[in-house]
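Below are two complexes that have chain A in common, paired first with chain B and then with chain C.
Presenting the complex of A and B:
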């Protein structure tokens, strides 16, 4: 009887989670992402990265140059496979140019978030006490800020641009990264192997680097991949509002922002970047889930 | 092999070489908003060089707290801990760290005691590289070989090893720094019986080969009897009886020891156990001030037991007991007649 009660209460713990034993998106089981979805995700991201890196050598028009002979050309027009936008710029070239921005912002801001957040979280979890209270209070302040509003304010203060976005997202994302690092540290800091390390005469620095860090890296990186997707969305939102990447440089967000006026005449100007972004976010989320499952250590295996 | 600089000969009254000792050891754990819980009530303990000292008692009696306090992890709340003639309490963490290698711990949970991200080889190399051993890898493989973990198994991570193999790795790591004392905190309690014997034999062998002295903590009297030279019985944070292993099993003088011994199942003993005093309630709270902590459960308790704490006194050579009415030597053979 008590067992049933327990199961029922567990179901209600996480609101909005799928029912236990049920199937999530794409009908995948709770055991993980199916291999074909992982393959497609990797394929898509590799394609996007290759396109972004090879853009200068690809036989495509300059992403900022207007072709006045073909304004708002539809898809599959000669010379413009995915058509042109409202001022005649090649959409495929702009999508790849936007991919450069998105991938750079995603990776650079998360690298910054991990470099800032992980040490804070590990120190808070390892030392506890005063350091813990101080750091957790700081994180709560950052986390309680509405992210987009904070980013807009920063953008107005520092002036819009790529580095403003990277720094802003990096600082904001460092708070949840620190939380993940702290909770991972807390699960290991009282294990006997840490006590054993202390008993062997190791100092705090050596214990943190050699015993704690290897255990914290995996959950932090798995989480960081998810945050890459969030960072890409944040950059797109800012650029959509005109506070991010400035014209004539391309960004998926600004493409949607400027194209939306012509939505009825040429919907592909908005839909193509929207579709590209949605696919990329989905692919990143699948990979994040896959890595989290794959590197999850089986401690109950004994 | 033992480091005579940090642990020179200190002799007790009987002329034995004392490698680790504690006087008036008190361990308290803070409880938020309440009085701290006192797990160990001022005990004195001495570990002679080359001996195995068993520490037995029921759950929560303070065995593990005593063991941890002896290696200053964490340091005791009060009391003096001596490693040879070096006083450990009062040293700063930094000074203490230099002497840590003399004292090692082996834990109960084989999984928790090893870093899940490291291979067995890396785990054993860690203390060696820390002490700047010239050939850490070779030495670690040698140690692993010695405890029965071959080179192929050394490449595995803890979750790919069995519980017994994990404990072997722990033992190899424990002796890597050439300590003089190893505190074994229930090292075989999580293992099944056939593996227990192997790990116990290994501990015995390592003790002889590496000139170790062991403190062996367990709730299992049968295990302690086999491995220990002397046994200390603890009850609610106090040592109630301390004697040679054979002596204490043949002639327990404290009523609590007698109760513990009568609870060991024995195949050729009559079905009906002779209950010494198990009707008495198990006291979980700190003992009532003044009296003997076992008075409430003791069949021989009188008025004095409830008001005066009996001191741990030597009643025959080498046999110390804290009891106002110790069991007479002749009167008790019926309890363990089968053994």
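Presenting the complex of A and C:
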């Protein structure tokens, strides 16, 4: 789980040498993601989103309320279809409540990352020279910190909580987003239509907004989908450590973190959020790969 | 550009990044609410009035920020990262104690992942886009989607709780019991490898496919060399430098990235040290550790950049 493993595959070692790393997640095969995988991914995410949004009206127990008559109830218990956790809270309700957190963190942090990172990357790619060198060095500095360590340091600073997670992930993820935006800008900045716009006497602002931006949006958004998955894992990791979502609120990470103590007696407390998270990440990655193929985005071009 | 000039440019960049990293680390911890002097006084048994001012002066906290930063940086360069104010142990010494565990974990994880990824990649590249390649692709794609700490929890449930083959938690030092040591690191290193296998496999497969399209492979085939010889001697060897660079970069990334795995398996490595430092609000320790981890990453990248052209004659400049 790292924002940087993705970007290491995009770096060029020495000018003129081939880029390191793979092509898409599914390799360089001509075929894209199989259609059934796309259907199942969309289905799972829609189900999860519907469950998260409809949680208040679903006939489920309150996710924070303990049922002292049924502590650590196994799966398929009466009244608790997925059982209860170590203090008797309904696991299904908590999974859906955790889904709310994951979806919110995924979308909000990536929105922040794009708003912060894309302009930096476009400016670096468009103007080159010192602006480029300054921004690239800045990005390298941010990317030198392991994500989780940087997030933990930020959480010390901002105090644990939902907004800390969103702001922290947003800031850290803005660095790889800026790299993607910069590389995409570089591939367009010397194209004929940009030269033509310049020849017609348009200013930098107009060229960036009208000529560069529309071309950079697609690769940035395709990359952003991958980062949503990374953000969800980052939130879970922080909450697992107890530095993210605070009790009694539920998060997949905190469910695993607190349930870990009961791993021997009731492994389902840990395994259910683990599987829910893994499936969701897989679904998001499949969709990201599908879009990348669909819009013919090659990592080698980044 | 000559190789020397490339090195010089990268070295300048390296120094800039390292300075930026150190400044950010110092700034962040300096901005934290509550300063070291107050924490020290609050934790001492009989705080005297004016003790805060005294300690502040003693630690040089009354100096301006830039003066303190330059002093701290000068000490850090000579290997003095300060003293943990919880345990009184020098931070460098604490890192030295914990680092071997993390390094051993990383080495085991790298061995396991290469042992799985290299044969898979060679086989998949040979049968490019055929059923085997597709199945391996989907398998590695799925594996990549599962966070490694989730993998470690699932492995503990299967191999420690249910089958009782391996210990769930705890660390046995190498000097005490070699077999016990390897057993105690097996689950965490497999969990770490689960994230590395897909990456290595993908990189090597794509590189192999590229190499297999070279003319000399066609020549090797046409003079009647066996499939095995073509694959391993003529295709795998020139494909390895790329893999080596990715492995190198990942070692840099993983030094701090093992935090959750170490914590789950109860290993006394760098990851658990930073976690306890944060829980104890031992800022000097945390500061030194973050600096160490970030520098390790930057240096690993630099070294990899430097040796890549030496490994692969095709990009020698």
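Heads up, the rule we're going with is that the second predicted complex is superposed on the first by the 266 of 302 C-alpha atoms of A that agree within 3 Å, B and C clash if a C-alpha of one lies under 4 Å from a C-alpha of the other, contacts with A are read in each partner's own complex, and residues count from 1 in each chain.
What we mean here is this: a residue touches a chain if its C-beta (ideal position, glycine included) is under 8 Å from a C-beta of that chain, and two chains touch if they have at least 3 such contacts.
Not measured: the values here are computed from a predicted model.
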Practice item. Kindly classify A:65 by the partners it touches after superposition: chain B alone (first), chain C alone (second), both, or neither? Key: neither
Exercise for review: Check whether A:199 is in contact with chain B, with chain C, with both or with neither, and answer first, second, both or neither.
Suggested key: first
Practice item. Pick one for A:281: touches chain B only (first), chain C only (second), both, or neither. Key: second
Practice item. Applying the touch criterion given at the start, work out whether A:191 contacts chain B, chain C, both or neither, answering first, second, both or neither. Key: first
Exercise for review: Examine A:293 and indicate which partner it touches, taking first as chain B and second as chain C; both and neither are also allowed.
Suggested key: neither
Practice item. Could you figure out whether chain B or chain C reaches more residues of chain A? Key: C
**Study point:** Partner chain in contact with A:215 - chain B first, chain C second, else both or neither
**Key:** first
Check your understanding: Which partner does A:140 contact after superposing on A: first (chain B), second (chain C), both, neither?
Key -> second
Review point. Just which bits of chain A does chain B share with chain C as contact spots?
Key: none
Exercise for review: Under the touch definition given earlier, write down the residues of chain A that touch chain C in their complex.
Suggested key: 1-2, 4-5, 8-9, 13-18, 20-23, 25-31, 37, 137-138, 140-141, 144-149, 152-153, 156-157, 229, 233, 236-237, 240-241, 243, 256, 260, 263-264, 267, 270-271, 274, 277-278, 281-282, 285-286, 289
**Study point:** chain B residues touching chain A - in the complex, by the definition given at the top
**Key:** 71, 73, 97-101, 103-105, 107, 109-118, 126-127, 130, 159-160, 162-163, 166, 170, 173, 177
Check your understanding: In the complex of these two chains, what residues of chain C are touching chain A?
Key -> 1, 6, 13, 16-17, 20-21, 24, 28-29, 31-32, 124, 128-129, 133-134, 137-138, 141-142, 144-150, 153-154, 156-157, 161, 168, 195, 199, 202-203, 205-206, 209, 242, 245-246, 249-250, 253, 255-257, 259-260, 263-264, 274-275, 278, 286, 290, 293-295, 297-298, 304-305, 308-309, 312, 315, 317
**Study point:** Touching residues on chain A, where the partner in the complex is chain B
**Key:** 191-193, 195-203, 206, 210-211, 214-215, 297-299, 301-302
